[in-house]
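Dropping the structures in below, format is structure tokens.
You will see two complexes here that share chain A, one where it goes with chain B and one where it goes with chain C.
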Partner chain A sequence: MSDSLTRAEPVSSEPFAAQGVTITLAPPMARLSLRARDRATLEDLLGRKLPAKIGATAGEIACLGPDEWLLRSAQGAAIPLGEGLPLAVTEISERAVCLIVEGPRAAEVLMAGCPLDLELFASGRATRTIFETVEIILIRSGENRFEVEVWRSFAPWLQLALTTAAAQLR
Partner chain B sequence: MSGFRLPQCGRIDRSRPVSFSFDGTVYQGYAGDTLASALLANGVMLLGRSFKYHRPRGVLGAGSEEPNALVSVTRGPGRFTPNLRATGVEIYGGLTASSQNRWPSLKTDLGAINDRLGMFLPAGFYNKTFMWPRSFWERLYEPAIRRMAGLGEAPTEIDPDHYGATYAHCDLLIVGAGPAGIDAALEASATSKRVILIDEQDEPGGGALADPALWPWLEESLKDLAAAPNITVLSRTTAFGYYHDNFIGAVERLTDHLPHPAAGLREKLWRIRAGEVILAQGAIERPLVFAGNDVPGVMLASAARTFLHRYGVAVGKRVALMAAHDSGWLDIFALARAGVAVAGIIDVRESVAAPLLTEAEQLGLTIHLGHSVIDVHGRLAVKGVTIARNNGAAAARLACDALLMAGGWTPSVHLWSHSKGSLAWRDELGAYVPDRANEQTRCVGACSGKWNFGSGLVLDALPTPRDPARIKAFVDFQNDVTARDIRLAVREGFKSIEHIKRYTTTGMATDQGKTSNLNGLQIASTALGLPVVDIGLTTFRPPYTPQTFGALAGHAKDALFQPTRKTTIDGWAEENGAVFELVAQWRRARYFPKAGEDMHAAVNRECRAVRASVGIFDASTLGKIEVVGPDAAEFLNRMYTNPWKALEPGRCRYGLLLKEDGFITDDGVSARLAPDRFHLTTTTGGAARVLNMMEDYLQTEWPDLNVWLTSTTEQWAVIALQGPLARKLLEPLVSGIDLSEQAFPHMAIREGTICGVPTRLFRVSFTGELGFEINVPAAYGRALWERLMADGAAYDITPYGTETMHVLRAEKGFIIVGQDTDGTVTPYDAGLDWAVGKKKPDFVGKRSLARPDIAAAGRKQLVGLLTDDPADVLEEGAQIVADPAQAIPMTMLGHVTSSYWSETLGRSIAFALVAGGQGRLGETLHIPMPDKVVTAKVSGMVFYDPAGARLNV
Partner chain C sequence: MLLIHCPYCDEQRAELEFAYAGEAHIARPDDPAAMSDEDWQYYLFVRANPRGRHHERWRHTHGCGRFFNAVRDTLSDKFEVTYKAGEPRR
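Right, the complex of A and B next:
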């Protein structure tokens, strides 16, 4: 974005590994909150299909609620704001960072603080949930791979909580 | 003494002897022993002193129902655990345990004087005896009673251990791995259900562990369960509470049984959500109530059988049985067959089933039917008992060193009751059993009242020819409650068991009445002449057994206690010596002291810099909400008190937010970026609350509006540049924005770039100076801050913190919601009439502002206060009166809400909420302080640059 100002991340980008689980800070990405009562208005604006079911993902887009989608894209994309249309496109690229929890026991690490039944949370699902008291968006991007979106200021706490839980696996 | 260990029986590992110490003496046991079984094997009968009377106590039970044998275990600094049941402490090499609540020693305890004074210490004695003089209660009586009574010492050092926690989900949770629980698990092993089977002991089996005939079955079953892929067995795990929607809390003990625990978790909290719960908690044998039933060596018959078969320990060399139930006969037969001498079987019943008599005769045991124990001899250990016919005749003494009690069985309905399942009384069992379920749950085995232990007689206390008012027959061993205490409570007018419980303390605290509840009920029932079902049943509460605070806290300690939110600029502040304060969950820089400066010196310097050159402030924690959609302006118009629809894109407005009651709840400056897009700001502490409130209105009151709210608090880092030189510093760094006064006036917003990064640049001021708030994507906040600090050196740029921000805003009369308002302040009270849209048809809180009390005269109103002595800085919170000579209690007019030394003005300034304040301008009021009375004049709230000349430059 800038040549003269350098980015600062809220947590170390040094990967953590224990008990076959790695916890890594994902590279920066563009994030947009997409809101509309009628999915079609957003689909028309973006020229692409949105997942219809809450908790479903389709490529870069996750459906988080009846009128809410999250678009995450590595490259960043110029998206029209749809001024005047009955929808909302809001830039939230820097609101959160993403911690990737990966490995055969990744689900066990998350279960330390996340009350969801992860055995029933299939690959490709995404949902807003909590880890202990901290709100997260959890995306299962593979059988043994979870992406955890967390607001910047909560990221150091969450990174410590996840690495502690991983280190304590028996 | 020795020789209590029997040569053959038991599941202990005789190839692995274990040394441990109790009260400083070293003993030997075997792997597989509990502290209780190992001490009994060594002939140690005395394990503790009782709660109130300091009476010598031994082991009553063999499991988690044990009320007497509470011990402390220490494993080095900070690793001290009091109040452990000796029957549940597994021994390991080097175990160091000690008894509790005795001084100077367990055998010679001076506190036992309470036992002699017993008649002066009846139930509720502290309510009666220590009432006068009243002032002695806190200073003398309570501390003295607390020292005398009680359990183990509370740990005093920080616990160095680690504790973990996890959630778990299953289709079927089975609590209790006795025969009934194991059967349920075996049945489920054939299904695809995810099953968790938890058991509190070190090995699964429950009652089967005390029945060698079942051991082959147990071994086979456990093999089958281990082979079943859908079944998880958790041993050493206590399900301590049953919560809504089949949510069960359990603690797994991982290292307490190990001599040298490796690094790792001591305990783990399991938070289990189950589709169905099967409770197989079993039943607990009931003691009998008679004089001396607490002498060490008097214990439950079933416990004696467990010590025999599971641990290979004879509880005595000559054992007697006092029975009211068939099961005790079976237990004493087991002891007799193992070669233990039996002093006799005493049964309160006049007749018992013939097979029992036959077997007793075959074993050569003496039988006393229609008899009861009326006294127990010995103080530190049983030496014998006196028995008599139930009519009191033919008293005789039997020599014995242990007395078993068989009073029948009580189903363990603790978790069932936590789940709010109802109970039904069963006369033939003399017990409550589970009736209607409230959750998806059922009880199996003995905890549902199904057992094959034979039958018995249900009675409140054994018959005795002695004066019941002069004997101590214990009901609740842990809380030292006797039958006499319960009868006294009834005599004093208590009729409900809930009241009797609270008056006598029976069934309370860590024990939760495991062995005492039903005896207590029976005694109260007899005393009241009412059936048991008419006097109620007390509530069982979690935890089922005491748990450590460590396990409940889990990860939530030290750095993981709770998140401390830090801005992207926080690291710079820390490196540059900032002093921080916590605001909501955020940590904010309060001031930046230079060497030798205290807070006042630092704040004075920071204030001077902002007024004279330029100050820089991290405002990133301000709450931010992006409001987007065609109805955005309409929505804000309904939420805020002032009009929003006519605000032009590119302009900002101060917004005041009320709750429905008309009181101020938040404020902030917000900008219109486009016709359908607003950038709102809220207070730091109010961010989440305001977003929730707005969402609430949007979703429930106006779901027709096409507008969406997104929290953008963390999207943007916000740097406030405030001071006459702010523009000069900023101008060279910004592109795409004309910063001139004409093009970019006060209360405007422009979008462009700064140092190549996109920015939403606000021209706003919370200081009264020319000011900008630079919003950049959060990742660039620190780099921009450092750039501004570097370029600003030429302008004497000064970082300032929240304390300086507070002073500067007070000089300008700006309020802080939550400091100058307290949830009872209307816009009119705060002097913000100008921010209320008089012509608006509606806004949140409008109707309340028309209520008579809100419009009434004499309400507390915000005003300025200037002390007569300009050097006097009032204390925030100080009370204000009109007449300091008035007798106490004085009529208080209000209080000081904000007060500072103003370096700019060279005097103190303050805000205050004062009754009828706006009508008192110029009036002198008084603020009584401990050392003097301060006088001050009521003034307006804007102390500096009232015309705003410094803003519009």
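Right, the complex of A and C next:
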């Protein structure tokens, strides 16, 4: 039955460009919420190191809280769920979409609605934060490149807000 | 904008990311059934409401998600200190 369903994105996948800033919908990806009191149990399960510091990233994994990580990877990657272990691996791929804000003035566009001082937010950092009143996860994946994870139903508003901020850069 | 130091993120972050969660260090009684109505009412409804130093709970809702405790001056709105949940009263 699922063969008859076609994927619908909550926002247009047409890239937007203004003032040297592009805003693009990222292709679909796998997302997993990783929770454990003891980081080592997750590291054993996944066979890779997890960042220990809140706000740090290591490859595909971001540390969001003292016992919380977000893993984003290509679709179809096999991740063990760790049944019976004192941890939780939860599939949340379709909860959010990702908008990529890129360009020399990308930080300025985000600071239109995000209270973080992005000049101090180095490349490789990630955090849950807020844009106006909408919760986002902000990942700085390059000097001029930000990935904004946002829950699907908030994405149309956020895309409008970001493209409007970009169009109004002077 | 008011900045609050999250003891888990170890960073000053904007108040917008936080939620206030009432007075801190109020332990739920172990055996409510054994209490008088007056004591129970006191536990449920009566709060210190001081002028000055106030111990209160906050949650870094749009951040690391953690509850923590803070001492804030209710006159100046200045945060004196924040510390992790479970640590002794400052």
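By our rule, the second predicted complex is superposed on the first by the 164 of 170 C-alpha atoms of A that agree within 3 Å, B and C clash if a C-alpha of one lies under 4 Å from a C-alpha of the other, contacts with A are read in each partner's own complex, and residues count from 1 in each chain.
Keep this in mind: contacts are C-beta pairs under 8 Å (C-beta built on N, C-alpha and C of every residue); 3 or more make two chains touch, one makes a residue touch a chain.
In this text, all values refer to a predicted model and were calculated from it rather than measured experimentally.
When the shared chain is aligned, chain B comes close enough to touch A:Thr6, but chain C does not. Touch counts on chain A: comparing chain C and chain B, the chain ahead is B. Of the two partner chains placed around the shared chain by superposition, chain C is the only one that A:Gly55 touches, whereas chain B remains out of contact. Once the two complexes are laid over each other on the shared chain, residue contacts for A:Ser153 go to chain B alone; chain C is not touched. In the superposition on chain A, A:Ile92 makes contact with chain B only, not with chain C. Of the two partner chains placed by the overlay, neither chain B nor chain C lies in contact with A:Ser73. In the superposition on chain A, A:Pro115 makes contact with both chain B and chain C.
In the superposition on chain A, A:Ile130 makes contact with chain C only, not with chain B. Applying the stated contact rule after C-alpha superposition, one finds that A:Gln19 touches neither chain B nor chain C.
Using the contact criterion defined above for the overlaid structures, shared-chain residue A:Ser141 touches neither chain B nor chain C, since it reaches no partner. Residues common to the contacts of chain A with chain B and with chain C across the two structures: 115-116.
Within the complex formed with chain A, the chain B residues making contact are 162, 164-169, 194, 254, 264-265, 271, 273, 555-556, 559-560, 562-568, 571, 586, 626, 628-630, 674-677, 706-708, 710-716, 755-758, 777-784, 787. Across the complex, chain B is touched by residues 1-10, 28, 33, 35, 37, 67, 81, 83-96, 108, 111-117, 119-120, 132-134, 151-154, 156-158, 160-161, 164-165, 168, 170 of chain A. Residues of chain A that touch chain C in their complex: 54-55, 64-66, 68, 115-116, 127-130, 135. The touching residues of chain C, counted against chain A in their complex, run 1, 8-11, 13-14, 16-17, 62-66.
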